[in-house]
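Data first, discussion second: the structure below is written as structure tokens.
Think of it as A, B and C in the order they're written, each chain with its own count starting at 1.
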């Protein structure tokens, strides 16, 4: 697949993916120490989030779900303040009121993250409406999973977006593949009678595309075209980006199922061991990207390790920042129920 | 592709349509006379869909209707005097006169009710189908809904589950072109509308809803499929309402020419012409039937008008089942 | 229905509330084949809190039905199924998601029996988990029971402990009306002795959980435990004899037990885990005022969650739940203490 990304862009994407990966790995550890309730990791899906943002401009708006860390980090959200929020501390983006399920970064263009399946999609149609009224060429991207297509509100929102040619990019991240069945102790995703998920938006006259969510170049190509179309006023686009679910995200609570990522896995098969070696070998989007970009000479192994080290340090700092932040003052609890 | 119907069957179809037409005319008069409080939504023009559909069903098959449901109730076999009574709020009505036009339920004919919520009855029909399947009775359910429901999330959710579980439900969309005062094409994305059902791999098709035999044919096949355990169908019937959204609506949003085009396709006249042509009845036979039905309907209305209103004692009854 | 045939009654059966409700489900599904369980992840997965474990294996996919994420239609479908002869138990994963079923619940289920003048019944149980705790955040922590109790035609049941939960759940399944059965997640693992056999507890019956003569604490669900703990302290430290009434059912309310208790004690405080304003605490206070005003020695007091979306952070979240100390302090003020 021809890579329409230049060197700078590819490196930026790599950095984003590494940041997301190291951040999410740190969270598993953090949870052992702090037990901050239920959370959802973006491991295995980094290529999609990290690449989508490449086609956006700072004034575009975004909406996402409870599986939001990857989207936020990709957009440049401060990881330290994210950790603080996840721990319910006062320096968190939501001042400790939202936690991981409702992490939002207004400056980065995020309107809201919904704890309810499909909730953000309804809001996205509204954001698109407002953006169209404003007429400044901005778009709204809404990330959601395959399960969201079971909720009626998603259908209603898509119908309106199509009817009114709203500037919305519906990014469906389908990680159903690789989910294990309930009998095996997993929490599978969708139960949809459609043989192709895209038949649903197509029935509403929305242009739909399917892409391998783990293929950076492919995602970029599809998203760039979609975004350009939407900005031209041609109405919404639906992209289904599929990925093979990371084994650690199969059970109800995230587990460190594949071990802390070793970048050498991209060229040294011997480091890939364990029950889920196959996933690392075949489906890990970061390993895939490194493998192909090493070949293309984007960076040397040393440069790669260098970048990773810097990022790991960033994550360590973020964790420290979050842990050092104080719990919110009880007196502040009543603030902000209503806007002034 | 006309269904092969014998004389009694054809006559029943004709008579049911004429009954509905006469009934709605009486309702309109009652409304104008101030006897029917609230809102009434007339089915005139759409008779072929209700009649053609219900003619394929057994008494214990289910239907779930909507605010424009008098025709469904009649076609499914409810008593017209009690229907009148309910519409004008009299005690012998189907809901003790406390429901009115939009809340008529008749358990004896499997009628899960007319409904005041657009789309509200779609999951009810789907659930009745689920129950029938679980109980293994072979019953089917018809979900009647209008074109406005094509944009309701709950339709979408119900279609998905009906398909997923192969439920014996037939989704019958009466597309009369208008959602209240709005042209449906203006507010519905995606063509053709049948794709909404087809997206879930449900057999979906569109038909002429002004031809009762076409309706009968299409629904029979869908009902058979459902009874054989082959799951749901999604049928769209193009039809037209002669009246406004509700009585009192001046219909300024409608085109006179459009109205004439549809009236030329009137389902009752079409059936009459066919019956004469096929020698199932003479013009005189039909005239006689029309007159008899008219008398019956007018007489029923008269009886209903004399019926008592519910008393204060009836107010709190049936809040809970015993 | 035949009585439970297990003649061996174990004398020591301390089981959790969660297990007790599961037992009730097994029993009801065994004795009436029309009872079906519908919900997200209730079947093969045994429920997100393992609250329906084993049912799928015992009764199969025809009676334990896993659904897509379509709350509106799932519940609407259950209403239709109930009208057609099934007796569904519908699980809505979190009480907050009741917002998604509101139309079908309020405009359909609650009114069908009335609108059809008795022609159709809607015999179903909507089971859901509620309550603040575990930092689940503002969209997963609400208790919307006041909204539901407000609607004519619905019944709302909220057990506080295992034995009640089992008996009330069985009653709920056998009731021919839509019953919303809500359990506070924080009570799931509380153990209590639960007798075997057909011990059905009628709906609309409150229970005096602790006898006292000077003040009554009316409470529901988790708050009952707070009330009992507070009552102990009130006796030991302030020598105040406190009666605790577990309301158990909100709609219909057992007004008789409420007024009897107030006639006896003369003081009342209502404790609730839902938001304070426009909720059940106001309803009960008004009822007491209307019916037994002459018996009151002090105004009726209320303690509930403040009118704030439930925040995620533990330090703030804990402020949302009326504590034992707060109850003790509030009751004390009713006796002239200025705490």
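By our rule, contacts are C-beta pairs under 8 Å (C-beta built on N, C-alpha and C of every residue); 3 or more make two chains touch, one makes a residue touch a chain.
Just so we're clear, the structure is a prediction, and the values are computed from it rather than from any experiment.
*Asks:* Please identify the chain lying most centrally, where each chain is represented by the average of its Cα atoms.
*Replies:* C
*Asks:* Farthest from chain B in C-alpha centre terms, which chain would that be?
*Replies:* In terms of C-alpha centroids, the chain at the greatest distance from chain B is A.
*Asks:* Give the chain pair, either A-B or B-C, that is connected by more C-beta contacts.
*Replies:* So, comparing the two chain pairs, more contacts are at B-C.
*Asks:* For chain A and chain C, let me know how many angstrom lie between their CA-based centres, rounded off.
*Replies:* Result: the chain centres lie 38 Å from each other.
*Asks:* Take the average of all CA coordinates in chain B, do the same for chain C, and state the distance between these two points in whole angstrom.
*Replies:* 41
*Asks:* Nearest whole angstrom, what separates the Cα centre of chain A from the Cα centre of chain B?
*Replies:* 47
*Asks:* Would you mind listing the residues of chain B that make contact with two or more other chains?
*Replies:* 153-154, 157, 160-161, 164 - these are the residues of chain B that touch more than one other chain.
*Asks:* List, in ascending order, every residue of chain C touching at least 2 other chains.
*Replies:* 67-68, 70, 72-73
*Asks:* Could you list which residues of chain A touch at least two other chains?
*Replies:* Within chain A, residues 150-152, 191-192 contact more than one other chain.
*Asks:* Applying the document's contact rule, which stretches of chain C touch chain A when the two form their complex?
*Replies:* 41, 43-46, 48, 66-73, 96-97, 100, 134-140, 306-309, 311-316, 319
*Asks:* Show which residues of chain B lie in contact with chain A when the two form their complex.
*Replies:* Touch list, chain B to chain A: 151-157, 159-161, 163-164, 187-191, 195-196, 198-202.
*Asks:* For chain C, which residues count as touching chain B in their complex?
*Replies:* Contact set of chain C toward chain B: 34, 36, 62-63, 65, 67-68, 70, 72-86, 103-104, 107-108, 111-123, 152-153, 155, 175-177.
*Asks:* Write out the stretch or stretches of chain B touching chain C in their complex.
*Replies:* So the residues of chain B in touch with chain C come to 62, 64, 94-96, 98-99, 103, 105-107, 112-113, 115-117, 120, 122-132, 134-135, 139, 141, 153-154, 157-158, 160-161, 164-165, 317-322.
*Asks:* Contact residues on chain A for chain C in the complex?
*Replies:* Going by the criterion above, the answer is residues 36-38, 88-90, 92, 94-99, 101-102, 114-118, 147-148, 150-152, 181-183, 185, 187, 190-192, 252, 327-328, 330, 332-334, 337.
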